[in-house]
């Protein structure tokens, strides 16, 4: 009936497995037919804490990967960092327990119709949705290079099978404990200068997304970034998750990152206004 | 240091077993050395709902039985009716999980120094502490008769091993589904008339305790009843659990049923003032 | 099933609604977003986000903080402005057969009157909710609903425009010393009904930055945490003015919560924060409420409204 | 361990306390009951249950209802009366080396003055908390702390008796339109400090009886649910009067909660409802707070008081 989140459904999903991977938990959920409508870049909103929980809001997680099983139906993979009480609760749930999810939510990554050179940049658990995306891009004939970064090695999420989906993969850690030492954004300037990139797909901390947007500014390179703002509802009804986005006339609109995102065109986000009030609306 | 609850301690107790018995759950907790200071009539206050629970108050449960193990230390048995969200949470906890308890709390049943004829009357899960009490009384040479009542058979808690501790046991259900049909208080008048009873120990709904107090009024029979008022703290600091108790000069004091009870002398409780405000305090 | 034997319809002044559970203003945007999760015709009405005369950006982010059994929000009435809203959002809702209560918010008495005039010009709207209590607008010192006179003036201005075509429902803040006094002031000024309660003013300090967490510093507390405050306010106001219909709200997330507000005196119940945690909360609450009413022998919502007052003064 | 490198002592006016976490009035009885669970000398002070001139039975039961992340109470100031209290409870506490803040409550201005006179006669008490805000006393219409004048009169009466020997701490209710206005009235009348906040007025309807659940109908809401309201009140008052010491309270159940109130402007923190759920809450919170302060580079409580205001007005 609606045009917003038109495939979204609320279901009870059974946890198929829950494994620690470095600093994260890799959680696999049985989601049946819902698997067919989830796209890379979509997210899921999960109810946490059980029946008598004092946590009244859902928690948002990027859909990391979708697998289309046969008998049991499809499955959804999440990569969860135990951060506060909600994500910790989720990481503690054992195989077989049911959790209440709403998915798929939000705008997914745009997929080019032509084969292009794509650079995928992930920060921390932000790499999670990039592997599924890489597969889709490869299937479209794109070249896929991947850069992953984190503060330290245990926060790099780069599963073996995922690595295969990228043509190249480089890892950066700030403490040098894995891959090269430094920030994941460091090599991008050179790659852009070499003309080796048509599209950048990014997911990670806002500061990383902003840095990439600054690097692509003035170039032809498209920057699709998955933003992460605090979300109370995840479905467009609360207006807590807004980001300042530039309109064609250079005015700014506060758009809901849950339904107008999480994937946004990095060049339209008014990064310097994030967390501030834009100039008055002219009407 | 204090004279109130002087054996009470807060510990994390491991659930040794959790079995359904009729409408109740029989829960066994490992409590180590604490077992040696728990007496029939004491209760335990349990934190419910886990780390991110919206339930801020403990739940009170009568200590049903204490067993003194060898290697593993002592154990405490509870009989829990799944009533609201807190007791349901407790009933759902599985073997091996740890729960946060404070015990032993409150005034226990008084034990006669001479062998007497004791009548034990239990309503619903109120029978739970009576079996442990019966053992103590028997060890003191008392004759122990037991009457248990409930609305229906599944709410009668009368374990096999418990039955042995009483000389006689009669069961009453309001719907006649087990034992005799009717209220557990029905036979008491005759027993009193026969002079067969020196002390009544009772535990169950307030209406049952009141009815027994009315039957013993004007007799020499002592009535020790374990009352059940809503308790916010269970340790005497909140004043929510008060009951009107008559003083020697016939004035009334509002006593805390958690520390001046739960076992009280039924003849001193001003049953008609429960839930009302007694006449002004004269000073 | 249960809906067959119980009359779930309700009224607020001269407006009739097929069911007792409504969205809460600001917690359903303009309705479209929730229509993916249930049919908007199933519920009482869509109460739309308070709209002002001009488009507004609202407050800076962060705009929310979760708190124990609740949340703080500091949206600052972001919105498209009344003209855009009436031209786009209202027709969409009416076309789909939803009942619509439009919520307006102003910074001056004149703005309220102007908004009312524009709303009056659009046919099909069921009621007008006048939010004189939002604590999030820039000029905090002057929250209308904090004083009898300013509250009365705002409602009086609206009353002069709306001549009884649709009910005027004044939405009050609980952040006052005596809510019955504010309630009587707005009823005297011409409000047909009252919406109780708006959020409670609160604040969270971020322990990393060691500063107020919200961009707007303070925010409005909503959710189950404030339900006892809502029940109290509704009970007090219904006691003082039993004939004035109340749209109750504050922390309702189940049928039992809705029943509590109804027994205290609410004729209808708005659900806000609960929809954030559960997009199908409203139809679920409606089903649970119907079952609870039936179990207690009620055959209609109306019989239950204010039932907790029945032995009052005895 | 952490206590060795951080100065946890604090002051309220001219009273010094070895540690920053106190009991909350009415949530520790007179102290004895908690002494089974920890040494009363470890904590800031025991704030005793508000005592009135005469012995009182308080309200009928039920006196409590649990609510989401909180509870309602309606005790109605049951107590032994001031003479019995000063003769029995205070000496017991002082003998054990506990710091004592006596809380008094009156029904008339004269009663406050009389209570103050009796408290002044007992040596060793650290401070006097004047509870002018309990919403549970019979005469609800006249809660002192709801009006500037009545608040000021109650404090003025006490000030005339207590000449600076011990600090007078006025305890305010958040159930007012503007708490800073009440705060300034009592400070002008001679209060040396403020206790913020008392409980928030609330109600629960029992769905079985379909009537108000509490014997006293309304009750005071406490616990984590109200913490955002406490933080806001403390922040507002500290902003308006940065030199007036505040004893903060409302929903504190962990070190992080206590730190939030301190950053907002509290010099000490009382813990009430949390002790019901955890008898050793106070010493635990004190330990957690010390660790959090250390991790943030503070070397004393004093440096953290009101730290969230540091860039104010910039």
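Should a chain be cited, it is by its letter among A, B, C and D, assigned in written order, with residues numbered from 1 in that chain.
As a convention for this text, contacts are C-beta pairs under 8 Å (C-beta built on N, C-alpha and C of every residue); 3 or more make two chains touch, one makes a residue touch a chain.
Chain identities (UniProt): A, B, C, D = Unannotated protein.
Computed from a predicted structure; not experimentally measured.
S.K.: Could you run down the chains that neighbour chain A and chain B together?
M.R.: C, D
S.K.: For chain A and chain D, which third chains touch each of them?
M.R.: B, C
S.K.: Taking each chain's centre as the mean of its CA atoms, which one is farthest from the centre of chain A?
M.R.: B
S.K.: Could you quickly compare B-C and A-C and let me know which has more C-beta contacts?
M.R.: Output for the comparison: A-C.
S.K.: Could you please state the distance in Å, as a whole number, between where the Cα atoms of chain B are centred and where those of chain C are centred?
M.R.: 46
S.K.: As a quick test, compute the distance in whole Å between the mean CA positions of chain B and chain D.
M.R.: 35
S.K.: How many Å are there between the centre of chain C and the centre of chain D, using C-alpha atoms for each centre?
M.R.: Taking the average C-alpha coordinate of chain C and of chain D, the gap between them is 34 Å.
S.K.: Which chain A residues touch at least two other chains?
M.R.: 54-55 - these are the residues of chain A that touch more than one other chain.
S.K.: What are the residue numbers in chain D that touch two or more other chains?
M.R.: 68-70, 223-224
S.K.: So what shape is it, when you link every pair of chains that touch: line, ring, star, complete or other?
M.R.: complete
S.K.: Which residues of chain A touch chain C in the complex?
M.R.: That would be residues 1-6, 8, 10, 47, 54-58, 100, 102, 229-230, 232-243, 252, 254, 259, 274-278, 280-281, 283 of chain A.
S.K.: Quick check: in the complex, which residue numbers of chain D touch chain A?
M.R.: 68-69, 224
S.K.: Where on chain A is chain B touching in the complex?
M.R.: Those in contact with chain B are residues 48-55, 85-86, 89.
S.K.: Spell out the residues on chain C that touch chain D in their complex, using ranges where they run on.
M.R.: Chain C reaches chain D through residues 65, 67-70, 72, 146-147, 175-178, 200-205, 207, 210-212, 218-219, 221, 223-229, 231-232, 235, 251, 256, 259-260, 263-264, 292, 296, 307-308, 310-311.
S.K.: Provide the residue numbers of chain C that touch chain A in the complex, in ascending order.
M.R.: Chain C residues touching chain A: 26-29, 32-37, 39, 49, 54-64, 66, 68-71, 73, 75, 78, 81, 96, 215, 223-224, 253, 273-280.
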